[in-house]
C-alpha cells in the first residue's frame, strides 16, 4: 500500500461519505498580517481591534474570505487533487466570527455524484463545514468539482444531484455578526459615507483600481491556506499543460476583487453568505485584475436594525477595466476577460 | 453621486482643512514578521523582546519605519491618489513607541497650497499625525505632493507655502525612547562595537551590500501599509506610462536603505526625526538598491546621558555601488542612479 | 577602523574561538504564518494549538526548521559572509521545543580549521548553539564552510579536523518532545494513516508534488531568518558570477523538501536530529523542487513508548521528478539535478 496519496478519483466518492480533512489550523495575527499584505484589504472592522470593540466585538475578526480559504484548503487533498475543474459554489453561510487563536478544521460530506457523458470524468458535490476546536461551526458551503475517473471502464453510478438554492434567504444569515452598536460606526474611519439606505437595487459600481498578480504572491497565498492543488505550484509540469503556466487559485481572485470593492462598498463590512460563485476563466501571473459590482437585492434583517443585507454580484476581469460593466455578450456568453462571477450577501450598517 | 472615490484634485484642498483618514489599523506581530521578511532588518531592539526589556522597554517596539508607512499609507486615498509626484517630507517626529496591539489612525491638515506655473498641477502641503486609539500621538510629519487639477481653467488660489525647518532641533526629539539602562546594552548582540562617541561629523560609511527588489515584494509591502497608489500595483496601465512599469513605493526604498545601513550603524537603533526626504529617482523591480550614509551632525541630548543624536544623510542608489559615496555632480545635480536623499536624526547609545 | 563589517576570512578564525552572534530574535506567530505561506507545511502539530494541546504540549511549537534557519542565520555575518561554499552539516540536535514568544540567540565555537591545497581557501568548522533568553539550549549543530583567505601568502595553520559522527545516536535525541498522550493522536487530522510500525528500513517514498521557487519567496524567507549572505540577494553582482543569477539559500530547499515530504510522511511530526546534510547543487528561481525519502533505519526510543525514531534520507531535486528515486550514477557521483542530500532522525507516533 502506497504511503503517498495521489488523491481521490470519481469512483472513490460515495453519497453520504463523510471525510474528516487533515491539518487543523490555528489562525493567528500572522495569517491576518499576510492577508493584508496579499490583498491590501481596508475594511475597518477586520483591520482594527479598536474599531471592532467600539461596535461590540471582543476584537477584530479575521477576514471572512481568510476563513473561507483555510476551510476550503483542507478539502483539496481529499476532494479536488484530481479535479479537472472547480465548477461552482453555492449555499455558503458564515456562521460565527473567527478570531486569531481559533483553530479551524473541516469536514465534508459527499452529497451528489454524476458521471459525465464522456465517461472519463464526473461531477462530485460536497458540503464542507468548517468548525473551531470548541465545536462551533463557522462556515458551511457546497461546491462541485469535475473529477477524473480512475478507470474509464468503470460503470456510471446512479446520478444524484443535490437541490441547491439559487440564493440564500438572508434572514438565515448574520449569525457571525453580534448585534452592533452602530451609533459608534464612524464613516470616516470606515472609509465610506454610504450606508445601507444609499444603495439601490440595480445599481452598478465600478471599483476602478486594478491589481497585477505575481507568481510569488498567489503561491504564498495558496500555501498559506495549505491548499495543495498542483496547478498552482508546479511550473515544471504546467509548462506542458494547455495553459503553459501555473494557474492562480480561484479564491485568490475572489479576495482581490473583494479588496478592490472597498472603493464603492467600504461599509459592506461582512460577507454573510455566498449564493453562488463561478470561476469563468483562468488567471495567470502578470495579469491585472479589475472588478465591478451590481446590487441584485437589498433586504432589511428581521429582528435587527443595526445592519441590512445587500445582495451583490461581484464580477472580476483580467486586463479589462470595468467602467462599462462588462459581463456577457448578446448570446449570454461571458465576455473574454471575465474570470469571476460571484454572488453574495453583504451586511452593511443602516 | 458616485459611490467610488477617484481621489482629491488640487481644487479640493483648502488651507486648514482637516481630513480624518480611513481604516484604523491594529499593528500585530504579523506585521512585524512581514517587515523582517521584506527588509531583513537586524536592529536588536526591534528584533528581540528580551533585548528591549533589558533596556527598560516593556517589550520590543515595532520598527519606526513600519509606523511611518502605516501612518503614511492611510493618507494616500485622500491626499495623493492623483499625485503626479511625492515631492518631499520634512519635520517628521517620532513621538512615542508603537507596540504590537496598538491601533494606528491618521489625521491630516492642509497647511499649504500653490499652483504651478503650467496651470495644470499644484503643490499641496499636509501635516499628518498618526495616533493610537488611546489618543497618543506617535508620529507627525509634513509632506508635499504635486497634484493634478481637475480643471486647468479653475483659477489659482492665493499661494500659501508653510515655513518648514531645514532640520529639527534634536532636543525636541527622543520621546519615543524611554530612559535606557544602557549598562545592559550588549554590543555583541546589537551587532556593532561602535557607540555615539565613535562617529565623527563628516564621516562617510558605505553600507556595502545590495538588495534586489522584486514586484511581489514591493507590492506586498505597499499593501501591508494599505497604501493604494495605483502606480505601484497596476501593470496594465503602467505599461502605457512613461516608465512602462510599476513604480516601487518610495517608502520601500527608505526601508531597504535603512536595513542595509545596519552594516556600519548597528547601534543607531531609533529614528527620532526626519529632517527631510526626497525621492530623487524611481525604482523598478529588478533593480538593486545600495546605500551609504554621511554623519552630518552629532548632538548630546539634554537631560539624558543614555543616548546621543546623530544626524545622518542616507543616500540610496539603483544599481550603483557606493564605495565612492556617489551623490551629485559638479553642478549640484544628483548623479544618475541616485534614488533617495534622506536626512534624519538617529539615536545611539553613548 | 572601518565601521562596516566585510566578514571574517580564513585567517580570522582560531580554534576555540567563541563568537556571540548579533541580533537576538523573538519568534512570533508572524514568523510562523510566514513559514506556512513560504512552504505550505501541513504537519498538524505545528499547525494547530488544539492538536498540540491534546498531546501534552502547552501549544503548537514552531517548525523545527524555522528554529534551524533563525539560529543559522545569525551565524552568517560572522562565519560565512566570505564563504565560497557551505560544505555540510552534522551532529544537529533539537534540544527543546520553541514557541512563539521565545527569543533566540546563537553562539558559535570554532572547532576545526584546515587550509586547502590551493592556498587560497580553507575549511572552517564551527559548532553553533541556539538558546533562548532564559538560557535553554534549543539546537546545536556543526557546519563547515569553505572560506576565502584574506591573503594567499599567509602561512597555513596546523590542521584541526573535528571527529564528527556519521549519525547521531537516536537515544540521545527527543528532548524537544514531551511524553505524548498518543491515545489522542488523530490520524485523520494528522493526515496519514501510517505510524512508526508501518515503515520499513529500505523503503523509498516519492513525495510526488513539485514546488516552483520564485525570487521574492526565497528572498523573503532568507531575510526572515536575518541571513545576510550576498549571493541570495544581489542580482547586480550575481549577474557577473559564474551562475549569472541569485542562488537560493540551501535551507530554503530543505524546508521545501520537508514540506513536500508530508505526502508520505505525514506522521513524521518532528525532526529530532540532523545526521548530515549536503547542498549538492544550486537552485535558482524558476526551478521546480521535487523530493523523495528513503528509510535508512528505525529505532525504538528507550524509556518511551509514545514515539519511535526513523532515520530518513531526504533527497531533493531540481526539475527532476522522483518516481524512480534518482540519486547517484554508477560511479557514485550525484546525478544531474540532485540538489540536496539530507540525513535526519524523525520522530513518529507508535
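The first chain written gets the first letter, and so on, giving A, B and C; residue counts start at 1 in each chain.
Keep in mind that, in the parts below, a contact is a pair of C-beta atoms (placed from the backbone, for glycine too) under 8 Å apart; a residue touches a chain by one contact, two chains touch by 3 or more.
Source: prediction; values computed, not measured.
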item	value
When chain B is superposed on chain C by its C-alpha atoms, the rotation angle in degrees, nearest 5	120
Interface numbering overlap (same over half, different under half) for chain A and chain B	different
Rounded Å distance between chain A and chain B, as computed from the means of their C-alpha atoms	36
Shared-contact residues (touching 2 or more other chains) in chain A	28-31, 33-34, 100, 214-217, 220
Chain B contact footprint on chain C (complex, rising order)	3-6, 20-26, 28-31, 33-34, 77, 100-101, 103, 105, 133, 214-217, 219-224, 226-228, 230, 233-237, 246
Complex contact set, residues of chain B against chain C	28-34, 36-40, 42-44, 47-51, 59-60, 100, 188-192, 194, 198-199, 203, 205-212, 214-217, 220, 263-266, 286, 288, 319, 321
